[in-house]
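Structure first, commentary second.
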Amino acid sequence: MKELGIGIIGTGFMGKAHAFAYRAALAAFPEIPTPRLRMIADVTAEAAAKAAHQYGFEASTSDWKALIADPQVDVVSITTPNTFHKEMTLAAIAAGKHVHCEKPLAPTLSDSEEMVRAAEAKGIITQVGYNYIKNPLLKLAREMIEVGELGEIYNFRGQHAEDYMSNPENPYTWRLDPVGGPGVIADLGSHIIGMARFLLGPVTEVMADVETIVKSRPSGPGAKERTPVLVDDIARLMLRFGRGCGGMIEANWVATGRKMHLGFEVHGSKGGIHWNAEHMNELHYYKAGREPRHMGFATLEAGPQHHPYGRFCVAPGHQLGFNDMKTIEIAEFLGAIGGAPKAGPDFREAFEIQKVVEAGIRSSKEKKWVGM
Amino acid sequence: MKELGIGIIGTGFMGKAHAFAYRAALAAFPEIPTPRLRMIADVTAEAAAKAAHQYGFEASTSDWKALIADPQVDVVSITTPNTFHKEMTLAAIAAGKHVHCEKPLAPTLSDSEEMVRAAEAKGIITQVGYNYIKNPLLKLAREMIEVGELGEIYNFRGQHAEDYMSNPENPYTWRLDPVGGPGVIADLGSHIIGMARFLLGPVTEVMADVETIVKSRPSGPGAKERTPVLVDDIARLMLRFGRGCGGMIEANWVATGRKMHLGFEVHGSKGGIHWNAEHMNELHYYKAGREPRHMGFATLEAGPQHHPYGRFCVAPGHQLGFNDMKTIEIAEFLGAIGGAPKAGPDFREAFEIQKVVEAGIRSSKEKKWVGM
Amino acid sequence: MKELGIGIIGTGFMGKAHAFAYRAALAAFPEIPTPRLRMIADVTAEAAAKAAHQYGFEASTSDWKALIADPQVDVVSITTPNTFHKEMTLAAIAAGKHVHCEKPLAPTLSDSEEMVRAAEAKGIITQVGYNYIKNPLLKLAREMIEVGELGEIYNFRGQHAEDYMSNPENPYTWRLDPVGGPGVIADLGSHIIGMARFLLGPVTEVMADVETIVKSRPSGPGAKERTPVLVDDIARLMLRFGRGCGGMIEANWVATGRKMHLGFEVHGSKGGIHWNAEHMNELHYYKAGREPRHMGFATLEAGPQHHPYGRFCVAPGHQLGFNDMKTIEIAEFLGAIGGAPKAGPDFREAFEIQKVVEAGIRSSKEKKWVGM
Amino acid sequence: MKELGIGIIGTGFMGKAHAFAYRAALAAFPEIPTPRLRMIADVTAEAAAKAAHQYGFEASTSDWKALIADPQVDVVSITTPNTFHKEMTLAAIAAGKHVHCEKPLAPTLSDSEEMVRAAEAKGIITQVGYNYIKNPLLKLAREMIEVGELGEIYNFRGQHAEDYMSNPENPYTWRLDPVGGPGVIADLGSHIIGMARFLLGPVTEVMADVETIVKSRPSGPGAKERTPVLVDDIARLMLRFGRGCGGMIEANWVATGRKMHLGFEVHGSKGGIHWNAEHMNELHYYKAGREPRHMGFATLEAGPQHHPYGRFCVAPGHQLGFNDMKTIEIAEFLGAIGGAPKAGPDFREAFEIQKVVEAGIRSSKEKKWVGM
């Protein structure tokens, strides 16, 4: 199996998650091309060198263009803030590199579309960081829906609620700058929209109510003056899916008390399932038609029977964590570069998700249903 | 303390719940007027006589008008199907009786309004059977919101999902007849709408998506032919509250696997709460600002510190059940007749709930936000 | 169906629970003899009269002997502190009354044995207040074990842990007086021992570690001096059952934070179940041999398919509470008086439970296994 | 920071976990010596070479002695079956290597003691694979106990229950060969005993009931004849701790339905905690003395405030998994080699755990309490 030179741009929250994943991918998935940890870039040479040591990369740089230009780099992971995604991605594509770009692709739909077109024109493999759907139990859920175990699908209900913006006295940050795109509807909403699409397929129409809750924040740590907040804190969406059913979604980053309340419930004529990232190793499954006194939601604990859990541990119930999801994502990406079927989500899929996001924002402004 | 003669019309699901509640009310709440179980009515004299024995009523009748006419009946509980509510209620009001009417008041908003006006004109005490908000933990939740323990309220998310209509091969029943009013939005939706109002106050606008999922059902048990279903199976609502925040609600009777998935989550600037009837004796409360490593949702188990739990049991954690909620509801109703402050929900409140239901149906048809 | 005159002695925690139950029994179980609420006794005439009004009894008395002597009283419920049980019970038996006595029967095993013999000699119907096993889901659990759905039984693990004695600064009370019998092993331990016996049959041997945790307490509210505590706060038991398997039990009234942590887990060759009173309307059932990817504990929510839930509510998931368990217990008792099969636990069974308690205490002292 | 050459012997369940951990350790803990993945050994050269590629080791061998002899190997991880531990460990110690040996150290206490003495005589750093206590929430629990947040400790209750031996028709395996040591009391029991010691300190006495449930098994896959099973399937222990309190433990590998039911509950005079590996990212904490209506167990979700969670992810609630616990364990081991304080458990601690195991077996045979 050939080797793939890896380059990561950015070493923050997501940069670290990528580093963990590239280090673990082959150990879990020996069939993929061997990732060679070639180069890592950060804003200063010192930070980059420190990261190279920590994550085991051969080289480091403060010049992301140098990373892209390195002939030994075959794959580029872009984990910088949203506003940098487009420029870096287009450069990497131009250099013929395969690209993993963190979500969302770009602040605006047109920028994202440009990225999709460039990638497709060049024929490279792309990936976007919707890691939660890499959970073996999400794969199981999707398969159950596909093969008809839930029967005809009636309904989807989902939410991604956290509370990192809940305290109105927390200072204004770059995350709130509309230059980076919408607020929670893009940041968290895209995860649950992507999950809905992963499970049920295309969304065709959306009706949304998108609002800013904390209207202003201290301009900085300890600041007396306040900066107005223009992006959304809560987004509520009603959806129609191409397959015929409807659904509802909440994205919320002021959900006081919630740390990772990402979850969904799907009902069908033959069964129902629900899942929540707070107990990410459990899928709850109700099969209609069992003996009445024994009917109830079964708690399916992730185990080797749920691929690819067994790649991490041969015993059931030992649990995967966040970084393991990222490892699956990266391994599938590298596998696709090596010729395996694409698992996605690729740029195209991320663009489709963003279309729902944008439709939601427009729907909220115009107070009407908006088609894709 | 004076005595109140009780009459119940109907002995089905709700009739039985009323009977339990009238029998238990004084035992739990000795300060209320003494209910004297005077008369019970059912469609046949035999059924009524059987119920009178079972529930300990002095008399029985197959003529509900006789029950209302009985001078020893001071209070009438109407637990018949929706289509009978109005006639019976107006008759009882005309006779000067206090009336408890099961929800929803009537199939149409105008009928309900007529009932409200008649009751208010006569000055009688009314009650409608929104029993779930009688839970001591719901009273706690409301009080926490009122006194500001959650800070400024950001959001409401709620649902009432069950699955008794989930199987598409279950035959058509009177419940599905549009003559009785809308479908799930009235049957279950009214509970969660009422709960939202109980906690957060008036709803001012609604945007809904209301749909029929199972388009036809066998016309009867074993029938080959199918009857088209015209009422809704799922209702999704986005709400705006008078206090300024927004919210989202799902009402669903095809939620395969769910038996009593009635619950809500409220987020505020200082805390969050969530509750679900599946674990009805637990309220989950997150208080912002605790020492970081010790922060988390606390599971508050109902106990005597949560009034009126202590009226049923002096020890915490022993749990109340469905019939106990009904007992609280009935006791508060009798207490109000005796001069205690009205706890509601009265006819007026039920009418307000129904206005949200009707606005939802209209919103869905017109595909736009509708004000109250 | 004949009528049975009811007399209750004591109107505290358990007296109230009995009153609720006698008031509700016929409404839920119309096939039983009709309870006529004849007389209630308390220490003062005023308290008794107040209780008679509140609970709907015809008469009241401060003289429990008068209650027993009343020819219209057929059934006597004894809900006073343990030290009074024997005298009252023997008097009631001598008068030919059927007797419900709250647990434990008496402070000493020999006293209890005397009560059992007197009752059996007279041929009256007896009942003891082990209400938790009246839960429809406990009946289901027992039936599953009996018919072999769990296969050969491997193991029992159970506990009854609460925290009402946890605070070492809470004053000494009569509950701690050894004149009333042992401590937590009798108070809470008897519940979980009784549950183990209900599910798995006789216990043949016990090895225990029984200890006093809070060695002294303030002698009274606000007292400076402290009274030594002689009864046990925690009891740990290893058990052997007559059917061949073993088990383990903890009884604990200093389990800080636990309010009603009564529960068990049973494993067998074909399945496993677990249940906890904290979620008393759910039984968790694992059936071995299902399709691997769909295997997990199913959460069985109590519903009408679990007798006698349907006697309280026709819809599943609406939940029973503590007082409903008591109603089932009382109804089964009255039913047995009326000729239906005895459901127990009767005095004999309570005596068998107490033998395990006493064996535990002896085992702990002698530091060895003790047979029954 | 210096480099440490790593050698792993064995590539099965635990070998893979070690490989993951050595690959991730520096990424999470950049302050530790740099692990250089030097050599991996398996029974065949092919398997070893395959593992070397998959896990990124420089070299491979089918001769574990060659691995130990390699001067570039500083640290040896021994992940082979128990019966090989002693020989390999003593050889590694003799060569001056630091040793990580999987649990249990050896089949017999005397063999383990020999290993402890050899290691201590040589002054090497040792580690044993009790990974579950590496959970950030276990560290929090221990710290809470140490600093007195729970007050005086009253009680410990714990269990490690799984079901991989539950099916009596599953064939006999090497795991059941008594040559490898005791059964579940060593395999799972040592985890929960180690956890009890980690939280509460030394165990001084034990009383146990240790039994074989499935008395014989098919001698091999599809075999008609059956092999008798001599090791234990369930072990029940009552404990006394040096600090004065008592406790109870169950180890069980026939707990039908349970996959990773490892957990504990600790009660003290000021609070209580409970935790279960089924929801390994949650610690439940009850603090006595809060405002009554707001008291309840708080669900503490693992986050960066719980060291070393933040080394894996900066956002709370994203969850760690099994392999992350192993990474912490390995990183602490490497850190200790580099001069940081030893976190353990080292050979000495593993030996102490095994003493409890052996005392339990002797106690069960002799039917009496056994001191350490």
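For clarity, chains are labelled A, B, C and D in written order, and residue numbers in each chain start from 1.
In the analysis below, a contact is a pair of C-beta atoms (placed from the backbone, for glycine too) under 8 Å apart; a residue touches a chain by one contact, two chains touch by 3 or more.
A quick note: this is a predicted structure, and the numbers were derived from the prediction, not measured.
The rotation relating subunit A to subunit B, fitted on Cα atoms, comes to 180°, given as a multiple of 5. In a homomeric contact, the two copies may use the same or different surfaces; for subunit A and subunit D, over half of the interface residue numbers are shared, pointing to the same surface. Each chain gets a centre from the mean of its Cα atoms; for subunit A and subunit B, those two points are 41 Å apart.
Chain centres here are Cα averages; for subunit B and subunit C they lie 34 Å apart.
Separating the centre of subunit B from that of subunit D, both taken as means of CA atoms, is a distance of 53 Å. In subunit D, the residues that touch at least two other chains are 258, 296-297, 301, 303. Taken together, the subunit A residues at the contact with subunit B in this complex read 150, 152, 154-155, 157, 159, 161, 163, 166-168, 207, 209, 211, 213, 233-234, 236, 238, 240, 245-248, 250, 252, 254-258, 265, 267-272, 286, 288, 296-297, 367-369. On subunit C, the positions that touch subunit A within their shared complex are 140, 282, 285, 287, 292-301, 303, 305-306.
Within the complex, the subunit B residues that touch subunit C are 13, 16-17, 19-20, 23-24, 26-28, 30, 34, 50, 53-56, 162, 164, 258-260, 277-281, 301, 303, 312-324.
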